[in-house]
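Pasting a structure here, questions to come.
Labels for the chains are A, B, C and D, by order of writing; each one numbers its residues from 1.
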Amino acid sequence: MDEVSRQARWEQRTEIPLAFASLLFLTMYAILVLAQDLPGAWRDLCTAVLSLTWAMFAADYGVRWRLSGQGLRFVPTHKLDTVVVVLPLLRPLRVVKVYEAVQHRHGEPRLSLYARVITYAGLTTVLLGFACSLAVYDRERGAPGTEMHSFGDALWWACATLTTVGYGDVVPVTAGGRTIAVGLMACGLALLGAVTGSFSSWLVQVFSLESDRENVEGPPGS
Amino acid sequence: MDEVSRQARWEQRTEIPLAFASLLFLTMYAILVLAQDLPGAWRDLCTAVLSLTWAMFAADYGVRWRLSGQGLRFVPTHKLDTVVVVLPLLRPLRVVKVYEAVQHRHGEPRLSLYARVITYAGLTTVLLGFACSLAVYDRERGAPGTEMHSFGDALWWACATLTTVGYGDVVPVTAGGRTIAVGLMACGLALLGAVTGSFSSWLVQVFSLESDRENVEGPPGS
Amino acid sequence: MDEVSRQARWEQRTEIPLAFASLLFLTMYAILVLAQDLPGAWRDLCTAVLSLTWAMFAADYGVRWRLSGQGLRFVPTHKLDTVVVVLPLLRPLRVVKVYEAVQHRHGEPRLSLYARVITYAGLTTVLLGFACSLAVYDRERGAPGTEMHSFGDALWWACATLTTVGYGDVVPVTAGGRTIAVGLMACGLALLGAVTGSFSSWLVQVFSLESDRENVEGPPGS
Amino acid sequence: MDEVSRQARWEQRTEIPLAFASLLFLTMYAILVLAQDLPGAWRDLCTAVLSLTWAMFAADYGVRWRLSGQGLRFVPTHKLDTVVVVLPLLRPLRVVKVYEAVQHRHGEPRLSLYARVITYAGLTTVLLGFACSLAVYDRERGAPGTEMHSFGDALWWACATLTTVGYGDVVPVTAGGRTIAVGLMACGLALLGAVTGSFSSWLVQVFSLESDRENVEGPPGS
């Protein structure tokens, strides 16, 4: 029980700084990719901050692993945390848990299952789409034959890919860009599954609730 | 009970005028976008009617809010009404409720759950597709390098986007057009989820009903 | 009971001729579209056979309506038959019912629900894809700027559309072709829903059955 | 029981050699397609090894058929094995069964239903995508008007097709390549159904398990 409370105290204290650190991480990466004409000293600073924030995530993961006292069982039971260390861009996903903890303390009910799935899927889509746009734009910029002339083109391409629309007016042409693109496609497919599955279940639920509510209120004109 | 009946009376009296107003709203917007060579005076008239109908929707929303006596709880419990004020193009969605109220008064059973989901999803698709085609065409017309030369091209693009086919022969090239397009893609994804989920459930139901019916009638040749 | 048996006798006697008639209908339409350099007399003959087979379907529908003695209730309870009169290309869908009737007479169990859904969806896809390819090719042939130079291109386009892949290397450019294409996209979306829904349910069933079977047989090496 | 144990012994002894043979099969086919400037003698050797491995799969199938003593009922009850003989590229799919048998012997629980579906679908996607890329590249290479200049282009095309994104920047233009492409599209649709269906079910399960776990551990900060 003491282990759990020490763990909980650690999470409570680090949550807010780490949420800011994740935003800093994303901002630094975006600056490094988009502001090409920045003086070298500033770029070095950004790289340093980027490494530092990542080191913070790794350190936080290590501390929580030790406090948990679970040994190797920690990794499979904390999948989201593990993914966050490898892909710090997804760190803001933890915001959902923090929001729920806050709501719980105020005695309010937690989010419904479908609201959580939609929130996780939506946040993942936005963060992954933004990060992949940056990474692909970084590789495509100036490649011969590319149609990706601005970061706006990269965002447009990411949206068309994540929704599996795939116009093909803007596509990556370099090997690096295409490799990241395949990852984004796979995520798009998974997110499509999440959205399709949960949206349809949610829709069915909403309609049944609505019909119950109408029955209680009585039909219009009665 | 008195509150409810005043609310119901208000809804009964405003339903028909507001349904016409929503059609007027769509028509005025379409005229403004498509009839570019209209004399200035006519265009001003259309703009005035457009603003007026929107003001009517806002006023109707305000009156119903006050009559409900619910305070801030009105917004989350009347999501469709709130969306309609922001996007008056979706107003005709209320037609489904009116149709059900009419059927209810005649003592007929309400639509099945799947019929309602399909009706809502289908109507939303048609209205959003039409409105987004207008909005995108308005921004793309005459843009350098665009392939969207007529409103027919815009409609064709909207259909290919909503079904996530995405040929890419006609695509928006301006920032404004692409922003609207991303919204349409997201709607397409959501509608795909609704259609996929409800269609498959409906299909399974139809087949079970059919097999029951055949068992009652006896097989052919018996 | 007498009504039912007269209806059943009629269906038994007309099933085989009408199945051949539907194949004849498809063949005549394909000949009219693909064999452009046929002498006029032959083309007139094909048109005549086409009209005759369609008249046969309409007559069969009328006779079955009268025999049913159901009045207007016949239309909603025989949806597939009604669709077949409007779109005779879908007539071969009735083959599934005939196959099941034959199996029933031999005392074999009917197809499982998922097998039937997959069969209907697959047959509809093949028939609609083929018919729409013919209709679109008929309109696109020789249109300025088209990439659809052969019937093979049209088939390739129909496959890419029905699976919602939508490469966009071959697309309809005429208003008529695009109108049919929108219908095909909508069918593709519906069929995607059917395939996705039933395939995933079927997959889950198969795996549970397989695991039951393994438990009965014992694991390998035991 | 004797039949079963002889069958099990045969499967145990052939599993490892046949797993290597399937990798050999894939490698030989890849070499034949990709290494065009190989001396004729080496190519003949590859062809010979390719035929030999396929003959091994056929022989294994025949032996197991006889040992089963099931007659014609063997084919419908061993669908995966039958598919493997026709498409030896899918042989590695049996790895899942071997993995489960090994885990079973060590007393560990078998994979959950969703893990198995995802594993099968993922493996099938990777193997089919790789094999179809090879087959399509073999047909497209050097075709007039093709954009598929390297095997990397073919892999990129296969990924965009399997996820139904379909950019259309690289598409097959020959009749042979398009025929294989239609097969890949159909597989993509089926795999989309599998991923969508199982992912959404799995997601729902994960969230319910997570909420149970949180309830047991107590909320953070309590």
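Going forward, contacts are C-beta pairs under 8 Å (C-beta built on N, C-alpha and C of every residue); 3 or more make two chains touch, one makes a residue touch a chain.
All values derive from a computational prediction rather than experimental measurement.
Peer 1: Please pick, from A-C, B-D or A-D, the pair whose interface repeats that of A-B, with more than half of the contact pairs identical by residue number.
Peer 2: A-D
Peer 1: Taking each chain's centre as the mean of its CA atoms, which one is farthest from the centre of subunit C?
Peer 2: Chain A.
Peer 1: Counting in whole Å, what is the centre-to-centre distance of subunit A and subunit C, each centre being its mean C-alpha position?
Peer 2: Roughly 43 Å separates the two chain centres.
Peer 1: Please work out the Cα centroid separation of subunit C and subunit D, and write it as a whole number of Å.
Peer 2: Chain centres of subunit C and subunit D, defined by C-alpha means, are spaced 31 Å apart.
Peer 1: Can you list every residue of subunit B that touches 2 or more other chains, as numbers and ranges?
Peer 2: 164-168, 192, 196-197, 201, in rising order.
Peer 1: Based on which chains touch which, is the overall arrangement a line, ring, star, complete graph, or other?
Peer 2: Graph shape here is complete: every pair of chains touches.
Peer 1: Please name which positions on subunit C make contact with subunit B in the complex.
Peer 2: Going through subunit C, the ones touching subunit B are 4, 8, 11-12, 101, 104-105, 110, 113, 116-117, 161, 164-168, 171, 175, 178, 181-182, 185-186, 188-190, 192-194, 196-198, 201.
Peer 1: Mind pulling up the subunit C residues that touch subunit D in the complex?
Peer 2: My answer: residues 152, 156, 159-160, 163-169, 192, 195-197, 199-201, 203-204, 207-208, 211, 217-222.
Peer 1: What part of subunit D is in contact with subunit B in the complex they form?
Peer 2: Subunit D residues touching subunit B: 164-168, 196.
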